[in-house]
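Input: structures, listed below.
Look for chain A in each of the two complexes below; its partner is chain B in the first and chain C in the second.
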Partner chain A sequence: MSTAGSGAVRLRALPGWLGPLGWLVLLLALSLGMGWLEGLLRLVEPDSRQVLYARASFLALLGQHVLVVGVASLAAVLLGVGGALAVTRPAGRDFLPLVSQLASIGQTFPPVAVLALAVPALGFGTLPIIVALLLYGLLPIVRNTLAGIQGIDPDVHEAARGMGMTRGQILRQVELPLAAPVILAGVRTSVTINVATAAIGATVGASNLGDPIISGIVNGNTAYVLQGALLIGLLAITVDSAFERLQRRVGRRGVQ
Partner chain B sequence: MGQGRPVPNVVLIALLLAGVVAWLTLPAVSVAPNRIVPGTPLLAQEALGWGVTLPALVPMLAVVVLGWRPEPARLRLALALVVALLAAMPLWLSAAAAALVEAAQARLGIGAALWLLLFLWLLALIELRARLALPRPLGWALLLPVLLAWWGCLSLWLAPLALYREYQGRSDQFLDAIGQHLALVGAAVGAALVLGVGLALAMRRYAGLRRAGFGVLNFLQTIPSIALFGLLLAPLAWLSARFDWLAALGVSGIGWAPAWLALLGYSLLPMVRNTFVALDEVDPAVIESARGMGMSRRQVFLQVRLPLALPVVLEGIRITTVQAVGLTAVAALIGAGGLGTFVFQGLGQAAMDLVLLGALPIIALALIADALLSALADCLRQGGAT
Partner chain C sequence: MIELFEVTKRFGEEVAVDGISLRVEKGELCVLVGTSGCGKSTTLRMINRLIEHSDGEIHLNGQPVRTFDEVALRRRIGYVIQSTGLFPHWTVARNIGLVPRLLKWPRGEVRERVEALMALLGLPVAEFADKYPHQLSGGQAQRVGVARALAADPEILLMDEPFGALDPITREALQHELLDLQARLHKTIVFVTHDMDEALRLADRLVVMRQGRIVQQGPPLELLHEPVDDFVASMLGGEERGLKEAALTRVRDRMLPLGPRLLAHERVAAQAPLHQALSLMLWHRVDRLTVVDDDDIPIGELSLRRLVGSKS
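Up next, the complex of A and B:
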C-alpha cells in the first residue's frame, strides 16, 4: 500500500472511533450533569425527598472505578501475558499443562465468589478488590495468550529460525504479532468482567459507581439505583466499543 | 516426554516445597473466644507442638523425592501420598480443635497455611492426574476419600470450626438458599434453552434477524449484571403496580422477577451462539447424503442435523449454567435469595465465616455443574462417534 493510500486509511478509520468516542462523551456528560435528569428521576421516585445521589460526585466515583479497573487490568495483562509466555519457553515448559488447566478451571469460579474470598484474606477496602480483579482477570488473558502462541503454525516458527532469527526476535517479530488478536480478545473479556465485578466491590467498602446502586437498594431509593446502573452500563459500553475498534485494527494489521 | 528418563518433575517439587514453607511459617489456625472478636492466629507448631508438625513433613518431602525421578510407579505413589495428605488435613484440624478450644462459644478458624496447602495440594493432584493421563472420572473419584474424611471429622469432632458453627446456626436457611439458587439457575437456563434454540432456528432462516439478534444479545452481555438488575427495578416495579395479576404472581422491582429476566438475557447469548454455530457447522456432505437416502427435510433435521449438533449445544448449556450460578449470587443483592444472601449478609456484618459459607458452595456448585455437563458432552460425543 502506498503512503497516500495508508493516509487515506487512517482518515477512513476515524469514523470508526466515533462510536466509542460518542459513548465516552455521553458518559462524561451524564456524570457531570446528572442534575439535568432530575425531573425524570422524580417520576421514578415521587415520594423521596432526594432523588440525586449526593454522597460523592459522580465524576469522582467514575474516576475511582476506572482507576481500580485500570490498575488491576494493567497488572493482569503484564502478569498474564508474561506468565503465559514464560510457560511456552523451553525453560518453563514443565509448568505449561498445570497453568493451562488452572486457567480453564479457574474460569468456572464465579467472579463474585472470588471477590468474596478476597475479603477474609485481605480485609475491606480497595486493595482486596484490586487483588481479586487482578487474579480473576488473569485467567482469560493467560488462556488466550496460550491459545494464541500455541495456535501459530510450527512451519512459521521453523521458517523464522531458518532465517537466522534469535529467540527474542522470534518472540517480538513473529509470535507476539501473530498472537496479538487472540491476546487482545482475552484482555477485552478480562476488562469487561472487571468493570462489572468492581461495581459489586461497593459492598466491600470501595467507593465507585456501584455505590449509588447499593445505597439505593439499601434505602429503597430506585432513583439512586438508576443513576448508578446508567453510568456503569455506559462505562461498560464505552470500554467494550473501544476494544472492538482496537481489535478490528489489530486484526487488519495482522492480515496485511 | 521421556517416560523412562529421570527428568525431575519441577512442578511437583515446587508445589510441595512451597507447601512445606507455608506449613512452617504461616498461621495454620486461629482461635477466637466468640463470634465478634477476631481470632488469635497460631502457627502449626504453636497449635499442636513440634511432635506433630515435624512428622507431617515426612509425606510432603517424600513426594518431593518421588518427583525427582518421575517414573509412573513413583508418580502413582506420590498421588496416593497427596490424597492422604489432603485427607489428613481435617484430622489435624480435629486434633487442634480438641487441644485449643475449651469454651462453648469459642471458634476455630482455618488459617492461611491450611488454605494455601489445600490449594497447592489440589494443584499437585491436577498435575499428577495430567502426568499419569488418568481419565477425568477417576480424578474426581480421587477426591472421594478426601471428602469422606472432611464429612466424618465435621460430624464427629469439628463442631468448634467457625465455618461449621455458622452453618449450624442456619442449616435450614442454608438448604433453602441452595434450593433457591438451583431453582433460579434452572428456570433461567431452561427458559434460555427453549428461547435460544427457537431463536437460533429463526436466525438460520432470516439473515436480518441474525444480525439484529446477535447485535442486541452482544450489547446485553456487556452490561454489568448489577447495572442490569438496577435498570430492571423501575420498569418492573411500575408494571406490578399497574397490573394486579403480575403483582399476584410475585413480580416486583426486587426479588426473583428482575433476577430471572436478567439471567435469561445473559444466558441467551451463549445459548443462541452455540446452537447457531452447531447447526451451521454440520458437514454439508452428510446432509446431502441423508437427503440422497430419501429423508424428508424434517427427518434430516431431527435425525441428522440435531444429533450431530447436540454436543456443541450442550457446551452452550454448560457455559450458560456456570455463568448463571455466578450471576445468581449477585442477584441476592436485589433480594432474589440464594447463596449470595450469605455472602452479602456476611460482608455487611463483617462475619467472614458467613461469607465463606456462601462463597464456597457457590464455587462448588459451579464446579459440579461444569464437571457434570462436560461429562455428559463427552458421553454424547463418544456415542456420536461410534
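Up next, the complex of A and C:
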C-alpha cells in the first residue's frame, strides 16, 4: 500500500476516534477546572462551607486512578490471555475444566471481599487494590479468551494443520486474530469494571478518584461524592468508547 | 506413489481402520467410497499424519511417513476438505499463498504463483484476489480450497469430499475441471466421496471400504462387472449398474459410420456418454440417433441394438 493510501485511511478513521477524544478532553477539563461547577455543586450542598474537594488535585487523583487500573489491567491481560491460551494447548488441556471453573467462581466473589483478604496479606496502600483489581479483572478476560479460541471453526484449525503450519504459526496467524474481537470484548469489560471498582481502593488507603467519594460519605458531603463519581464516570466512558473504536477496527475484517 | 501396508488405526477400543493395504501409483487418481464411518477420512488423515497410524506402514515414494518431519510432510501434500477450512480473516489471494509463504518463497514468486493458480481455476484475479471467504459462493470457495492445496505444487493431493456440499451442476463442472487439471498436472490423488457417479467419473482406481476394511479395489469397470459381493454391487448402484457403465462409455465407441439410410432426425454428440444417448432415445421414442461431432456435423449413427451392445 502506498503512503498516500494509508494516509487517506488514517484520515478517514479519525472521525471515529473523535468520540473517545471528546470524552478525554472533557475529563481533563473537569479535572483541572472543577471550580467551574462550583455554582451547581452549591445547589446540592447549600449548607456546607466547602463544596469543592481540595485535599488533593483531581489531576493527581486521576493519574493515580489510571495508573492503578492500568497496571492491574495489563497484568490481568497478560495472565488471563496467557493462562487461557495455555489451557487450550494440547499440553495444558487437562487444566481446562479447572480454569474455566475458577474463572466463573471468581465472578461471584465481590471485590470488597478480595480487598478484605488482600489487606492483611499485603498491607494498606496501592498494592492490595492492584491485586484485587487484577484478580477481579482476570475473569472476563479468561472467559472471553477461552470462548474466542474455542469458537474457531474446527475445520479452519484442521486446514491450518493440514497445510503444514506449526503450532506457533497457528496461534499467531489463525487463533489470535480470529479470537481477537472476543478477547478484546473481555478486556473492555474487565477494564471498564475496574475503573469503577478501583474507587473502593480509597478505603484501604490508595489515593485515587475514590477519595472524594469516601470522604464525601464520611463527612456527609454529597458534593464531594458527586465530583468523584462524575470523574470516574467520565473516565469509564472515555475508556469504554476507546475500546469500542478499537473493537470495530479489529472486527472489521473478514469474520462476520 | 503412496503405499499402505496393513495399516490399522485404533481410537481406544474402536478399530476405525483395520489392516488395509493400498497402493496408489504416481499420477493415479484413487477414489475411496464406502458407508459413513467406514474409515475413509481416517485413512486420508493418516497419510499426512494429521492422525498417527497405530499399526502397519505408510510409505511415500518408498519412504515411511513416520521418518518425515510432520510439518514438512504436510507442506508437500495438498489437502482439500468439504468445508474448505479457508481462513475467514484472510483474502482469497492470501489464503491461496499460504503454503508457499510457509516455505519462504520470495514474495514476488508467491504472487505470481497465486495469480497463475487463480487463472487455472477460473477465478479472475481482479475480481477475487481481495475478496474474503464469506463473500464467495460454495463453488468459488471450493475452487480457492483446491488452489490453496495446489499452491506449492505438491506431488500428492488428498481430497475429502471436496465437492460434497455443492449443487449438482457446480459439482459436475468442478469434476471436469479436476480431470482437466489432472490431465495436465499428473498428481497422485486420493479422493473421498459419497457420490458414486462422481467416483466412477473420476477414478482410475476405485476402492470400496466397509467397516475399516477394503472390500474390493480396481478399475471402475472391473468393479462394475465383477463385484466380489452384494455389498460392492449395491454400493456401485445395484440394478442401475448398467446405467453407471453406460455413463463411462462414449457414444463414439459404439457408433457405426454413416450408412446409406436416411439420417435419423434426433442427434447426439460423439463425445456424450452412452446413457445420454439412451435417455434421448427414451425421450424421443426412437431407436436410432445421428451422431455428430463438435461442429454438429454428422459423422455416424447409433442404433438401440448397438447402444445396448448386442451382437450382430
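By definition in this document, the second predicted complex is superposed on the first by the 242 of 256 C-alpha atoms of A that agree within 3 Å, B and C clash if a C-alpha of one lies under 4 Å from a C-alpha of the other, contacts with A are read in each partner's own complex, and residues count from 1 in each chain.
Definition applied: contacts are C-beta pairs under 8 Å (C-beta built on N, C-alpha and C of every residue); 3 or more make two chains touch, one makes a residue touch a chain.
Source: prediction; values computed, not measured.
S.K.: Should the superposition on chain A be reported as showing a clash between chain B and chain C, or a fit?
M.R.: Chain B/chain C on chain A - fit side by side.
S.K.: Counting only touches as set out at the top, which of chain B and chain C does A:Asp155 meet: first, second, both, neither?
M.R.: second
S.K.: For A:Gly216, is the partner it touches chain B (first), chain C (second), both, or none of the two (neither)?
M.R.: first
S.K.: For the overlaid complexes, name the partner, chain B or chain C, with more touching residues on chain A.
M.R.: Here the partner covering more residues of chain A is B.
S.K.: Once chain A of both complexes is superposed, is A:Gly164 in touch with chain B (first), chain C (second), both, or neither?
M.R.: Second partner only, chain C.
S.K.: Could you tell me if A:Pro46 is touching chain B, chain C, both of them or neither one (first, second, both, neither)?
M.R.: In the superposition, A:Pro46 contacts neither chain B nor chain C.
S.K.: Specify the angle subtended at the CA centre of chain A by the CA centres of chain B and chain C, expressed in degrees to the nearest 10.
M.R.: An angle of 90 degrees, rounded.
S.K.: Once the shared chain is lined up, is A:Pro90 touching chain B (first), chain C (second), both, or neither of them?
M.R.: neither
S.K.: Of the partners chain B and chain C, which touch A:Val204 in the superposed model: first, second, both, neither?
M.R.: The answer is first: A:Val204 touches chain B but not chain C.
S.K.: Quick one: smallest Cα-Cα gap between chain B and chain C in the superposed arrangement, Å?
M.R.: Scanning every C-alpha pair, the shortest chain B to chain C distance is 7 Å.
S.K.: Under the contact definition given at the top, report the residues of chain A touching chain B in one complex and chain C in the other.
M.R.: none
S.K.: Given the complex with chain B, which residues does chain A contribute to the contact?
M.R.: Per the touch definition, chain A meets chain B at residues 44, 94-95, 97-98, 101-102, 105, 108-113, 116-117, 119-121, 124, 192, 195-196, 199-200, 203-204, 210, 213-214, 216-217, 222, 225-226, 228-230, 232-233, 236-237, 240.
S.K.: Could you pull out which chain B residues touch chain A in their complex?
M.R.: 9-11, 112, 115, 123, 126-127, 130-131, 219, 222-231, 233-234, 237, 253-254, 322, 325-327, 329-330, 333-334, 340, 343-344, 346-348, 350, 352, 355-356, 358-360, 362-363, 366-367, 370
S.K.: For the complex, give me every residue of chain A touching chain C.
M.R.: Of all residues in chain A, those touching chain C are 153, 155-166, 169, 173-174, 177-178, 253-256.
S.K.: Looking at the complex, which residues from chain C come into contact with chain A?
M.R.: 48, 50, 71-76, 79, 81, 83-90, 98-99, 102, 132-134, 148
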